[in-house]
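Have a look at these structures, which come just after this line.
Same chain, two partners: subunit A is paired with subunit B first, then with subunit C.
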Partner chain A sequence: MMFRSVSALVALAALAVAVAVPAHAGDHPVEQVKKTFSVPVLKAKVGDTVTFKNDDEFAHNVFSLSETQNFDLGSYKKGETRQLKLTNAGTIEVECAIHPEMKMKIEVSK
Partner chain B sequence: MIAAALVLAAPVLADEAVAPLPRDTADAAVIRGSIAFRTYCVLCHGAEGKGDGRAAKMYTPRPANLTVSPFNDTYKEMIIRGGGASVGRSAFMPPWGDELTDEQIRDVVAFLRELRKTGK
Partner chain C sequence: MGDAGEPVFATSISGVRRMSRKTSALRLSLPQMLLLGFLVLGCAIVCANEPDQWLRPASAPAPADNLPNAARVKLGQMLFFDPRLSRKASMSCATCHNPALGWSDGLSTAVGFDMQILGRNTPTIVNTAFNTIQMWDGRKKDLEDQATGPIAAGGEMNMPLPEMVARLQSIPGYAKYFDDAYPGQGVSDVTVARAIASYERTVLSTESPFDRWRKGDAHAVSDDAKAGFELFQGKAKCAVCHMGFNFTDNGFHNIGLKTPEGHDYDVGRYAQKPIKSMRGAFKTPTLRDIGLTAPYMRNGCYKTLKEVVAHYNRGGDDKDNLDINIVPLGLSDAEEDQLVAFLQTLDGAPMQVTVPVLPH
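Up next, the complex of A and B:
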């Protein structure tokens, strides 16, 4: 009887913790390689981060003019990364200012 | 006979040596530069180079108004090649040295010279 009560308490405590702690925000790696984004359309959630890595021999940039979230992460060299935290739900069109043909989308849900 | 042939041929050779090829004229450089400008620079500097491109609102300071730029060709080439940070200016101006050829950079500078003259 006592054992059952303790088990129930432990289960309840675990459930409370699971409810109280928000789901861990995800990180989504995206490579910029051969003048393309490695993921053409990325699905993510508000609070997630996207890590852009330059895998080309030359500089890249990441920016967006989307209403959902606009930003410019600047220009960066081979091997370097830039991180973006997703703050709003909606679609973000991402571009590279140095290579106008490079484009991708991030679909951000709540 | 051979001498006569040389005399006849000489004026043609002289003309070819003096007249620049169409691609080497200043006008051709400006036209090529305008194409490169509208591909790579228009996003921030705007179609007329006034610093009012569609991305301009994101930046402080705003992108340069190139129709009134006080800088000489050498300095402009440095900014284009190495980016704004390389000369202590806005880091949002990317380095174009890896993307544009030397000729394209010279062409863009030629176009900017023309923009500065005409103001449009």
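Up next, the complex of A and C:
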């Protein structure tokens, strides 16, 4: 009896997670290390998130002035992360404002 | 390597000592010890082959479509020193980028067309060949892109480029030099820019006491300078932005300079990239030959290196939109002096320049 209750709870919890997170949504980690983005071209879907982590000893920034999605995640120090939710399909050119050599693209599909 | 290399050696030795203690504690088998030995040896070889990030490369990079040669450099030098490239034939590139003044002008901020005082300090052109982006605000991507900017700028040489080309075409003596440098391409804003860029790529810092120290001459710099370099990389955080052999990250930072009374706030990089962190941010300049290029900072507000170091020690003045790397450093007066002693070791012997006779 006890076993059945636990199983039912687990099943319910799994269902709740499935409802809360659409099957296609995912997070894409990107590191900023040695003044480069670890992924030069990222393919993702609308609704996905991208988590940028600063692995350098100095501050970085993440922004885009692309028509697809315009954002500025600000500047942040080593070990800190910033997350971006992808809202539109198209290509996003991402840069670090502090270090203009740092560039990557996110190709977002529906 | 002399004293510059000693910390690395000391680290290796202490590392081996630590490893020996650990080896003994773990009681490694013979094959394990042999494997460990190979790993240590491999690491030592890799470390030994790593280039010293603080030493200058043997040559400067150039784009494939404008590789330098003697004819291009010669033409570029003439154009660089030729005041006829300005509207009133009164100022050349060398007026502001004067080799006798560290390829700058010795002024707080530049003096432009009709003696008007401009808003920013004239940056040295020493080692601009290594920059991955040009100008204080990064509005020019490379030297070819940059070269004709000040010529055409209304506040500087104020010479529309079509008029500049017409004027150069009216000087018969130039034709031969353009033909030699860029056969069949004639006089144009493109060939002028390419020639000037080719000359600028020859304006490089020479070997400094710091370089000699890094190469192994323990007596090339003072003990204070050596201590200053340790501070530079550590407590003083200078190398966070002034990194590598050219002492720049080619990046943009708001370092908290005060806006002088009566002056407008200079938004700097923000005019090119309207991102919050870029408001009041400017490109990190090289520190090579820094002793030759006073006054300092993008608005020339400090006359001495001691003032510059003191600025960073107090974490800047204008805290509005300050770069998060800029924080109070807690340096003592003696440590400030050590940093200055180190910075002074970055001056090479000035490049010998022959002022060219210009074509007529």
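The criterion applied here is as follows: the second predicted complex is superposed on the first by the 87 of 110 C-alpha atoms of A that agree within 3 Å, B and C clash if a C-alpha of one lies under 4 Å from a C-alpha of the other, contacts with A are read in each partner's own complex, and residues count from 1 in each chain.
Throughout what follows, contacts are C-beta pairs under 8 Å (C-beta built on N, C-alpha and C of every residue); 3 or more make two chains touch, one makes a residue touch a chain.
Computed from a predicted structure; not experimentally measured.
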Partner chain in contact with A:P100 - subunit B first, subunit C second, else both or neither: both
A:N70 touches, of subunit B and subunit C: first, second, both or neither? first
Contacts of A:A59 with subunit B and subunit C, given as first, second, both or neither: both
Where subunit A meets both subunit C and subunit B, residue numbers: 57-59, 61, 63, 65, 72, 74-75, 97-100
Touching residues (chain side subunit C, partner subunit A) in the complex: 132-133, 138, 240-241, 249-253, 269, 273-278, 281, 323-325
Residue ranges of subunit B touching subunit A (in the complex, touch as defined): 39-40, 43-44, 54-55, 58-59, 83, 91-92, 94-96, 98-99
Subunit A residues within the subunit B interface of the complex: 57-59, 61, 63, 65, 70-72, 74-75, 97-100
Touch list for subunit A against partner subunit C, complex: 35, 57-59, 61, 63, 65, 72, 74-77, 97-101
